[in-house]
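Look for subunit A in each of the two complexes below; its partner is subunit B in the first and subunit C in the second.
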Partner chain A sequence: MAQRATGSEIERLIQLLARLPGLGPRSARRAALHMIKNREKLLGPLASALTAAHDNVTVCSTCGNVDTSDPCAMCLDPRRDRTIICVVEEVGDLWALERSAAINCHYHVIGGTLSAIEGVRPEDLNISKLVERAAAPEVKEIVLAVNATVDGHTTAHYITERLKECDVSVSRLAHGVPVGGELDYLDEGTLIAAMKSRRPF
Partner chain B sequence: MAQRATGSEIERLIQLLARLPGLGPRSARRAALHMIKNREKLLGPLASALTAAHDNVTVCSTCGNVDTSDPCAMCLDPRRDRTIICVVEEVGDLWALERSAAINCHYHVIGGTLSAIEGVRPEDLNISKLVERAAAPEVKEIVLAVNATVDGHTTAHYITERLKECDVSVSRLAHGVPVGGELDYLDEGTLIAAMKSRRPF
Partner chain C sequence: MEWQQTGVVLSALRHGETSAIADIFTRQRGRWKGLVRGGRSSTMRPVLQPGNQVQATWRARLEDHLGNFIIEPISFRAARLIDDPFKLAGLTTLTEITQILPEREPHERVFDALQIVLNALEDDDIWPALLVRWEMGLLDDMGYGLDLTHCAATGVNDDLVFVSPRSARAVSASAGEPYRDKLLALPQFLVGGNIVTPSAQDVLAGLELTGHFLTRHIFQARGIPAPESRSWIMAHLKQLAQS
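Now for the complex of A and B:
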């Protein structure tokens, strides 16, 4: 019945929006209506932004980041510390670290984790390129900023093995109590890790 | 910092997505990444769909529905009952009624409710056009399918007054227990309305 009520172009827009993460059919309809109501301020600019993204966004062949140039702006940025490469699973993780401004270094997106269950093998990930980059004389440290999951750990171990041939130190993010976290709500693994890594106050 | 990590076009896309209802900054970033990762299947089609919507979608000057033509497909549909006009607040309400297939009639979107607090006056709503349509000889009934809120009731009363000059009967949606609803969870107003309108079983 919805097809009778709405133009097929609106219907198609809703169907596509519903495929975005976090949007279901209902919120996709709300979003579509909101855009149509804000034609000049939202619908037009969003149409242009999506077209621009579609036409210009590419994956950096050096680090795996997405950007409008290849190599990406981060790989070309001379203000970044070239001695450190921070390894992340996904581009979203890279963005999260950049927002935190935790480190001013270069990145390498491997594109996931090794997974026996999902059949992800080392050659499916962007690891060989990392080994190649790590072999450069200026690189001194590889920070493994993978997720603290079983697959993340497995992947970190595998990468460490692969990097043995390079003259780099390999580090990983510290485990511990999240800032603002309450002990009562934390899992045992985190508490054990935080206790093991306790530091002088 | 995020601007350093992401191309300005990706950043702009995220900012626009974050203005959609139901999406915040975090989910906008996830949605943007999801689109970029699914360039051919999602990003491209969505860019085209938004451009098409921007170029073609318009508000029907008869009923206030949004469609790619004016008058809209619903106003032109000869299979719809021309004797009934169903009045709704917003286009989303029209879509909801169409999905339910509760009635096969013509619609009229008034674009909101009267509101003293928000300063919405009768002339801000699409009511004069409704009175004009209701005066047509073929129209026999106006169904007020406004929301069951205080402002909705006020608006319904006002519209009823305005329609006194026309030769139409005015009805409103029934109040009662929602299908599947449990009495224990319903408010008193709904229970009182449902009891008052009780029907032989």
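Now for the complex of A and C:
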């Protein structure tokens, strides 16, 4: 039987790191070793940052984003367009849109998609709060930026139904050829969607 | 162990960061789950959307292992229907209800009928009635079939307009009249009348009929709710019937 090369604290660190997305046991071991070698520059600050995040991170009660304050910085930002709310499935999607700087609006994270298989019902998602926000007089448009999947669109259609009672226009993201995409390499599903959404040029 | 079949994707659940466990419905093998390595990749995610037609190759060392799927797309049905809420609700209902079938058990009639309904989803005048017939076939295949051949009370085989919610047998108009509040309506397209294009009201009655038995024998028994999309189809048909 192989003997353990490290103490229980380091083993615990490796085990926890191995549970992070993108890291397996081998890469977790490398990451742990790197942090131990850079104890002052990396391990200490990382531990402090983790503690601070653990103590302060909260979910925004308005939009469902994660931040260290409630309401979050985005909801409080007066420079954002209050007439548009962009609906996303997860916080990761919100971050992706923010990175692109494609739109300077408010967001709403619904927290997933409807799925009978996984037992996700409308009441499990942050949809009622969205309807409440959409009913505000300053809101003019809801952008449904959900994933182009069957579950994503089923959820989008459900939200559209719920928003019928509100005086807002509802739009969704376009589907089609990505920038830099070559038709020869695109899947048929994307090509079908692109052809259906063609427009005058 | 290895086999290759054409099938319909029912679902693909995330497994780890890069893989997915796909549930594929095939004619000869029935519902079959397997690991799709790289199933979360940008090339495989469009293929593994529910309702898509695929060529599935399953490999495992032993038959009772989960095994690995190699999936090749045949038809991107989901991409064609995704923008239309009514068609998408049909697609979702079909793929979700198919998942009540037991795994690794062939249901050839259900598969054949599913193909017909899926291929008809482009035509809103046809597919809702086909959905009702498909659900009836599914109930029959699972041992909860409706007997619509003759009246349970009198034995006559004409003027059948009700179904008993308990025995799932047809009841004639005269025999059922005193109990009409307790009986389910039997739309005539299920017993031979106006088979091609039944009215929205008839299709709605058909969905209420099959829905009653699906709920009673399957959804309630398993403690799962009926698909949200099925309720949405019924609400839409109700609107059509009223307009």
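In this section, the second predicted complex is superposed on the first by the 195 of 201 C-alpha atoms of A that agree within 3 Å, B and C clash if a C-alpha of one lies under 4 Å from a C-alpha of the other, contacts with A are read in each partner's own complex, and residues count from 1 in each chain.
Criterion: contacts are C-beta pairs under 8 Å (C-beta built on N, C-alpha and C of every residue); 3 or more make two chains touch, one makes a residue touch a chain.
Remember, predicted model here, so these are calculated numbers, not experimental data.
**Student:** Taking the superposition on A as described, I'd like to know which of subunit B and subunit C A:D187 touches: first, second, both or neither.
**Tutor:** Second partner only, subunit C.
**Student:** Where does A:R121 make contact in the superposed view: on subunit B (first), on subunit C (second), on both, or on neither?
**Tutor:** In the superposition, A:R121 contacts subunit C only.
**Student:** Given the touch rule stated above, what does A:P21 touch, subunit B (first), subunit C (second), both, or neither?
**Tutor:** both
**Student:** What's your read, subunit B or subunit C touching more residues of subunit A?
**Tutor:** B
**Student:** Taking the superposition on A as described, I'd like to know which of subunit B and subunit C A:E138 touches: first, second, both or neither.
**Tutor:** Neither partner.
**Student:** With both complexes overlaid on chain A, does A:L13 touch subunit B (first), subunit C (second), both or neither?
**Tutor:** The first partner, subunit B, only.
**Student:** Touching A:T154, do we find subunit B (first), subunit C (second), both, or neither?
**Tutor:** second
**Student:** Which parts of subunit A are in contact with subunit B and also with subunit C?
**Tutor:** Common interface on subunit A, subunit B vs subunit C: 21-22.
**Student:** Per the contact definition, I'd like the list of subunit C residues that touch subunit A in the complex.
**Tutor:** 11, 13, 17, 43, 45-47, 49-51, 73, 76, 78-80, 82-83, 85, 88-89, 91-92, 95-96, 99, 224-225, 227-229, 232
**Student:** Give every residue of subunit B touching subunit A within the complex, in rising order.
**Tutor:** 1-2, 4-10, 12-13, 16-17, 19-23, 27, 29-36, 39, 42-47, 49-54, 56-57, 65-69, 72-74, 77, 90-92, 94-95, 98-101
**Student:** In their complex, what parts of subunit A are in touch with subunit C?
**Tutor:** 21-22, 114, 116-119, 121-122, 148-150, 153-154, 157-158, 160-161, 187-190, 192-193, 196
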